[in-house]
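Think of it as A, B, C and D in the order they're written, each chain with its own count starting at 1.
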Amino acid sequence: LKEAAVAVRSRDLRLILTDVDGVLTDGTLWFSADGAESKGFHARDGLAAKLAMAAGLELGMISGRSSDVVSRRARELGIEIVLQGIKDKKARVEQLLAERGLAWTNVAYIGDDVVDTACMNAAALSAAPADAPLDIRAQAFMITDAAGGHGAFREFVEAILRARGDWERVIAPYGATAL
Amino acid sequence: LKEAAVAVRSRDLRLILTDVDGVLTDGTLWFSADGAESKGFHARDGLAAKLAMAAGLELGMISGRSSDVVSRRARELGIEIVLQGIKDKKARVEQLLAERGLAWTNVAYIGDDVVDTACMNAAALSAAPADAPLDIRAQAFMITDAAGGHGAFREFVEAILRARGDWERVIAPYGATAL
Amino acid sequence: LKEAAVAVRSRDLRLILTDVDGVLTDGTLWFSADGAESKGFHARDGLAAKLAMAAGLELGMISGRSSDVVSRRARELGIEIVLQGIKDKKARVEQLLAERGLAWTNVAYIGDDVVDTACMNAAALSAAPADAPLDIRAQAFMITDAAGGHGAFREFVEAILRARGDWERVIAPYGATAL
Amino acid sequence: LKEAAVAVRSRDLRLILTDVDGVLTDGTLWFSADGAESKGFHARDGLAAKLAMAAGLELGMISGRSSDVVSRRARELGIEIVLQGIKDKKARVEQLLAERGLAWTNVAYIGDDVVDTACMNAAALSAAPADAPLDIRAQAFMITDAAGGHGAFREFVEAILRARGDWERVIAPYGATAL
């Protein structure tokens, strides 16, 4: 039943948007005494990003904070939409959609905090990581088994690509078969 | 029942004090060979700090250790009360309260070790993270579902702001609605 | 029963191959603002590597990504087979096997993502860490209790060495006895 | 019953020895591309070390690996016995005991791998962290609820100090009372 619902909501997707801290990372902001700031991204999320793009979906990152590390990770993955320092995420996404002639029915969104719920409620499909606060999980269509920074994004992508029937095709170049 | 008790204890709060290592972080002190020391703070705790200040509460950090990284994180969040290298935390907090004309009935305190229990027992409301030692959790009014460094502080702040009826108002600027 | 099956599949092993990110690490790629990239390897996996080599097995790392940190860790452990930046892992392993006159019946393989399943299905014995995606775990002969980066590799090695009757002998120099 | 047994075994303790990687840390060895190596130690273990010393017990670290970071952490805590790069730990500890006129009945030992079991079996009291391999846990007198690097050492120390009747006295300077 859930899978059927994901399939209906995934049909018209064109764009997967993800929050950064707490979704692509476990939420930890690392500060070192010499002023460097670090973040940890998961390898499986990186591969999932490539699979989603191979399936013809566009990806974007949207964050309330700003960090060079995020730009660097996006560059590495070939993600061009990187919106940082955004307070009102829903307004910013609507501007993006207008520029590209897209609608919320074309958008899947994964987030973990109050700054994300407006987008989660507007998007065709939404998810929150397993360790998101209760109130946020309650507003998400899917809750991933994985916590933020531990493959939550990959789980969301896999669910979408399977629902759209794209999964087997995009993993085939790796010699993989799907169960 | 618990919520009603939190509400009574939250009514007169003016100040939320938090220990650092083990509450705002998971307790890990990172040492690198080149002498740098790092700590990891959680993004959701940072947003919670801003929400608490938006609700008119003052925040403070109090630590038995000393680290530039803590000062830097406090500065980033706009937290002015940063007490480091404190052995007798209760005495130091009482000095602070005297300076500001406040009493323990105005204080909420979250901590994770024996150095915190005196403050926890004196404060109007107290909490310990899910992974605090048994003896510490036993002396806390609330035990958060989240472990230290994984959103324990945010959970404490959300419980307080909800009990005071401030939550919906402070998350509204982010386009968020509360359940 | 499972142990008997592991024993049969371990009899002809000559080579243990392991993926890196998500198996030897928890999958997290650490990016710092100054451009440094870090990975975390587990001490118990390092000791297991030495025990496997003491039992006469050769070890190899194979990764879809490339990082100096991996080469450094391999050097520290005395592992000479380090294959990085490999997209089609199965083809690359078959080239390696041809060079050495080995066959898949001589290979044990542990991996955590779609890029690993072709090797997992070809190898005599395969494993996936506890936190690998469901689809990957379903294609592994063994699922370790430990997650990636937390001793999954060591568990795989211990199971193999016990099944081959080598465990007691290789831990003896440490004054250890096996239960 | 368990507590009574710990009490009997703790009566003559003079020295608490701890392995480093996997006990004082979560076992992760952090390698950065620029060659720096880092470890993470837990703040609560640090306080526990101070409490143990305040109770008149001596502390020592013993590791199969070698790292400046370990020396630095030991110095910060005032721990003078730091034995690194030790392959046969039991022989090395017996040399230490001979130098100081102590016996294994004076020693408590916490470790997490095959290199530690000889010491664990010889010591008056032994422990392994919750996430140690099954075979190691099976040879420990106590298994801590906490995993390595998350307060396992502190739990071991607290159990010893409580069994010896020292706990209340050593936490009193922090204004703390024990339950």
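Everything that follows uses one rule, which is that contacts are C-beta pairs under 8 Å (C-beta built on N, C-alpha and C of every residue); 3 or more make two chains touch, one makes a residue touch a chain.
Predicted, not measured: the structure shown is a model, and the values here were computed from it.
Contacts with subunit C and subunit D are shared by no chain at all. In terms of their C-alpha centroids, the spacing between subunit A and subunit C amounts to 30 Å.
If you average the Cα atoms of subunit B and of subunit C, the two centres end up 42 Å apart. The residues of subunit C that reach two or more other chains are 30, 32, 36, 38, listed in rising order. The touch graph of the protein chains shown is a ring with every node of degree two. Chains that are in contact with each other form these pairs: A-B, A-C, B-D, C-D.
Interface of subunit C with subunit A (complex): residues 21-22, 25-36, 38, 64-65, 87-91, 112-115, 117-118, 131, 133, 135, 138-139. Put simply, subunit B touches subunit A in their complex at residues 30, 32, 36-44, 46-47, 51, 67-69, 72-73, 146, 149-151, 154-155, 158, 171, 173-179.
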